[in-house]
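Right after this note come the structures.
Two complexes, one shared chain (chain A), two partners (chain B, chain C).
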Partner chain A sequence: MNRYFYYHVFYIGMMNVMLFVPFILIQNRFNGAVSGILLSIAIGTVMSIGTIRSYRQFPEMGLPEILKRFMPPWLVAVMLYLSSLLWLGGAVIVTYTFSQTIGMFFNPDMNHYQFLLLVIVASVFAGSRSTRTVQFANEILFWLCLPFLVFILAKALTNPYMSWDAVRVVAGYVSEFPSFKVLAAATFFFTGYLNLTLFNRLFPANFRINHLWAIPLLGAFFGFVSFFIPIGLHGTVGVEQYVYVWSVTADSMFLKYGFIQRVLFLFLIMFTLLSLMFMMNVFHASMEYIKASHPRSKPQPEQVPVPKTNWLLCSVFGALCFLFSLWANQGRSQWATGAWLSVRFLFEIMSFILIVVLAIIEKRRAATRPHSPPSSASSGQ
Partner chain B sequence: MKRIVLALIACVLASGCGMKDIDKRFYVVTTGIDMTDNPEKPYRISLRLAITAARVESGSSRTEIQTVDAPSIAEGVRLLKSHVDKELEFGHCRMFILGKSLLEKATPETMSWFSRRRDIQMISYFGVGEPDALAVLKVEPKSERYPGNALFLSFGNEGTESPYTITTFLFDLVRKIKERGIDPILPIIRAHNRTYVIDKSVVANKQGQRLFLSAEETQLFKMTSADSSKSELVLPMEDGTRVVMYVSQIRTKVRISAGDAPTVRLKIKVSGVLEESAPELLEKDWHGLEQRMGQRFSKQVEELLVKLRDADADPYGFGLRYLAQHFGKDKEFKAWEASYPEAKFQVSTDVRITGPGVIR
Partner chain C sequence: MIEQMRAEFGDSKDMVTEVLDNGFSRLELCFFPGMCDIVQVKDAILVPFSYRFDPDEFRRMLKTGLSFIESDEPKKWPEMLLKGCVLLQYEEKVYSFAAIRKMQKEPGNTEVEASLQGPQSSFTEDLDMNMYLLRLRYNVPSLTAEQLQKGELSGTRIMVVYDRLKVDGGSLDELHKRLDKIRPKLIQAAGQLAMFIGNTRFSMFPITLQTERPDRVAQLIQRGKIAILVDGSRFAVTLPVRFFDFMHAMDDDYEPYWMGRIIIFFRYLGMILSMTLPALYIAACSYNPEFFRVQLAFSIDGSRAAVPYPSFVEVFIMLFMIEALIESSIRLPRFVGSTAATVGGLILGQAAQQAGLVSSIMIIVTSVVAISNFVIPNSSFSYSIRALKYVFVLVATFYGMVGIIVAIFLIVVYLCHLRSFGQPYLAINLKRDQRQSQQSR
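This part shows the complex of A and B:
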């Protein structure tokens, strides 16, 4: 079961490219990006491990069920709507960036709404499945991505044109203090643990997530790799001019003996898969939150066939993606991404505090329960 | 299920637009850009277009060249579209040749067209055409199997592995134009009968000056900057014969000490076998020969470094190395810029001759 948790940690770590995280960090490479990444390792680790430990108090429960134990239904509904709105924001931005990137590098003559339609149809279908199906789909997509990831990383790190001097020069700016925006972007590498809010429903009651030491290592690895490899290949100054910085970085690598010369195409395939994975998870989580906001709803993680509500909700999400891309252009989507990352960071801190507080309350309740009413203790046995 | 199938069919139909068949495209294989004397249309853009053929064999490649003068590169390419009957496609253009005249007047902004176009590969090769780009484009090598591949194979150790040929990719050129403490270097491509000669190079410094390196200097640079083996070490003897060593491995380490006048230390380790020498020369004085070769090589490298320093050019990236070594920032870079003209160089070469080849 451990692996189902770590798939999320992995793909969120890789997903950052689609949300302009490297771009934001690189814009601030002389103003605290390095220290921002270092600080985010500490923040991300504390939040991940704190959340994981808190969820141990709530076996087989997702966020909606936990909230319902402590709060009135209307408050729960408001909170669930807000959090699904937040995650949908991410999905909307990713669909837009994805259709732009693919349109730019695969076929610029094609109308990019067609790409959007393709990816939205796929995401609506994938997101509306049952939670168990989504969990298994994550596994399949992850293993499809991994060979590409390993190959591109190996290609980058063994590249003779990689300038380690440039990397060292930028690393020398470690003493600058990071801004809030940088910190918000850098902590995104660690956001994968938040899948617990939904997928904790599927973990059996006595299950504990192991290898927690891997979380800071993975987050730091993805953070440093996505920040430093573009700098090594495009220099400390030249790197700032690229908007799609990782697409250009992948294009700067060369396959001498492949069927194709441009690593770019492998990279784009990997990001098609990762975007689909992200969209699927976000659509699914938002859908489940909205369904759970109904006071009488019960979580049904293995419901087959899926009800009409799933289709309906996911189609609405898909329509939102379309509406965003009508409004957005490159500048606006960059602004929206920056704003979204900051809001997400604040939201993450608040939800971390909330879940820790709720876990402490739950622990006290559990500690007092066997003593006070003897009847409930006997019924528990 | 029916609805899903319908949706999928709709997607398949939708993707049909915007595609253009392969036989309605002209593949550009080499692009050349020169400067004209006309101030209103300063750029001369020449494209070498592949004529697609069913059979692939040596010498069967056929190409056609289109040239136009225009006020900017982008406009020139648009204008050229009206000269041809098929859509121009740059996705396979892996060679860009800048005319010598362009190199003298070009600004970094000239390069932005190349890095802005999404279909131009960041891994395409850049070179300087002598006397101009068009002359290089007009060469039709006999050995070409498919259009343009003679030039592609010349670079990046893909075909020939010449110690004289510097390889510069687009992304490398762009970063070195912008980077502090390193200057771009480009190979010079000359047209010679029906083939190309690529043995010299040119360094462009940040002040807009150009320093041309001879073939020997280019080889020295490539050996010491890119650890490029398959090159040679030569020692002329007193009796007029030459001892030539084939370099199978070369490693260069650069350390820069801080101070008012920085000292750049290059430690070079070379090993290889003798390819040409007088008989039994090696057996008489193995170590002495190694030392003499090393000393001569160090002296050559030092002369090259001094020449580069005096021209205020830094293709090795000593400035960047200096910053990296001392975790320097703006202040340190200013200090380096001021002190580079007085920098001292110490080159020491450790030559290991592994053997005299197959014969004694």
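This part shows the complex of A and C:
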């Protein structure tokens, strides 16, 4: 059960590459990126562990159910719409960046929208499944991606052209203070814990997420790897020339043996899977939020066959992705990503405060009425 | 009774109706000689009634004999006759005597799921024999069998067998619900029943597993699954199943652990190759030659030098050839089958390539696809993989390499989405989850 939680931490931590986080950090590598990552480890850990502990008060409940216990339905609906909009923003940006990257490196001649169609159809199909399906799929996809990740990392770290001096030079700028934008980007490495807002429904009562010490380690790992390896391979100054910095970094390595020569393609295979995984989860979470905003809806983690509402909502999300790519270009999408990262950071802080407050209230309620079951407490109002 | 039955069966000529008179009393007899074991009829009825006749003993025999059942409901008589019983009327009472002719006297040999060192016996087309084979291997009182009759015209006997201490209640309820719902006309094969209850008409993967091996059924029952035995079919349907069950051959359990694991690993490799290789070929030729090592790209392209059309046409030609070859060698009678294989092999092997219709690498791809498809131990699953190959070919035709990766993603999600009677189809470490959630409660 623990592992389901950490799969989310994993793929969201890895998604930073598709959301220009390394790019933003590397632009600021001499003014605050290193300290930003260090600071984000502290912030991210506090928020993750705080949220996880708060959710212990609400066994088998997702965010919609929790909000409904404390707030009037219209307020809940507004909040759910906002949060699903926020997540969708992420998915929309990833769809765009992903199809751009793939188009650029895989099939440069192909129409960009044709690619987008493939990606969106895949995400609509995957996102409209039931929560339990999504959870199972996460596990399988994680195990599909892991060998690629380990291989690419081993390849990068043992690369003779990896300049550890460059890494040391950049690490020396640790005393600079990070800007808000850098901090917002760096905390993204930790955002994985937010999946609890939905997937807590599936964890059985009295289940506790263990190995919490792994959260800062994982986040720090993603942060340092995606920031420092490009610097080590391209040099302290050369690294700023690239927008798709990780694709270029992967392309600077090659395989001596085997069918595939360029590590870039392994990297792209991995990121195709990871991006689709991210979009599946985001589409699914947004869909569940919107469904839950209806006052009479009940959480149903297992639904066979897939209801029409799911298809409908996910198709709407897919259409949104399409609309965004009509508007976006390279510059606009970078701007949108930066803005999205900052908004997300603010949102995360607010939702953290909210959930902690709600958990404290819940605890007090439980303390005053120790013997009453939770359902009667809410229906008695 | 005789007149009634004659009327019911429209004076059918294969029914024997006889009034026997041995001088003391009369016996009316009615049966289908084709469906009854005539030796049993003779030993159990004719001999005691004719030259060993003793009225008291004969009456006692009718009352106490295990296979004599008194039946005073005329409505049930035709059904009994059709099942192979003998109806006899003696002293105004009607008895049925079960002298059902058995075609199978001994277990069959495994034909579809051969095994090297495992048991060689398989289910037969006789339900009682199959039950015996199963009880022999799963010899505990908790093995429960429910008998049903399905099929308006065929009236096929069906046994639902499970271990009631281990079975998953949810799946059993689901199965009962679905069995109640279906109203088939004829049930001739286990696979047909599986189709009816599986809602799998549009599913790309089988969600029930058919097997002819009693040892596999016993093993599955021991793991809490349910088996359905159908009279007249040498296959049992087991459910709920998981993705991994289809890739498991019984030999894996009879060989040392690591050998088994290695073979299983190769089987999965074979499955993946057989699904994706034609698609990879298209991607490598038409979209992403740079994906592979330069030398490899050159040799693929060099071998295609004489081929006048795009790669996907080539792939479709060769895949059609190989499918036709496989299909014909299954359907054809044994002696003609080898001719088809030889001719087909010649065409696929040399001539097509020399004529410049296909590249030599495509021939290798085709044979790898065919061979590795045979590695899959379950035939309905290997059909699925055969069909899925075309999905990959299709996406690769339009999208190249990326299409293949996205298709893999979609198939993973689809497999996770499937449920076999309420149980997840593809999920790993599920046992551990269940244990954990039980502990925490």
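Descriptive notes on the structure:
Just so it is clear, the second predicted complex is superposed on the first by the 370 of 381 C-alpha atoms of A that agree within 3 Å, B and C clash if a C-alpha of one lies under 4 Å from a C-alpha of the other, contacts with A are read in each partner's own complex, and residues count from 1 in each chain.
To be clear about the criterion, a residue touches a chain if its C-beta (ideal position, glycine included) is under 8 Å from a C-beta of that chain, and two chains touch if they have at least 3 such contacts.
Since we're looking at a predicted model, the values are computed, not measured.
When the two complexes are overlaid on their common chain A, residue A:144 makes contact with chain C while staying clear of chain B.
Judged by the touch definition given at the top, the superposed model places A:206 against chain C, while chain B stays out of reach. Legend: residue contacts after superposition of the two complexes on their common chain; A:307 is shown touching neither chain B nor chain C.
Within the superposed three-chain model, A:133 lies in touch with chain C and out of touch with chain B [touch as defined at top].
Residue contacts after overlaying the shared chain place A:295 against neither chain B nor chain C. Of the two partner chains, chain C is the only one touched by A:276; chain B is not. In the superposed pair of complexes, A:73 makes contact with neither chain B nor chain C.
With both structures placed on the common chain, the touch criterion links A:172 to chain B but leaves chain C unconnected. Within the superposed three-chain model, A:237 lies in touch with chain B and out of touch with chain C [touch as defined at top]. Overlap of the chain B and chain C interfaces on chain A: residues 107, 110, 114, 118, 125, 261-262. Contact residues of chain A toward chain B in the complex are 104-105, 107-111, 114, 117-118, 121, 125, 160-161, 163-166, 168-169, 171-173, 233-239, 241-242, 248, 251-254, 256, 261-262, 264.
Taken together, the chain B residues at the contact with chain A in this complex read 4, 7-8, 11, 14-15, 17-20, 94, 115, 118-119, 121-123, 156, 158, 169, 171-172, 174-180, 182, 226, 317, 320-321, 323-325, 327-329. Residues 1, 3, 102, 106-107, 110, 114-115, 118-119, 122, 125-126, 129-130, 132-134, 136-137, 139-141, 143-144, 204-207, 258-262, 265, 269, 272-273, 276-277, 280, 304, 306 of chain A touch chain C in their complex. Only residues 287-288, 290-294, 296, 395, 398-403, 405-406, 408-410, 412-417, 419, 424, 426-429, 433, 436-437, 440-441 of chain C touch chain A when the two sit together in their complex.
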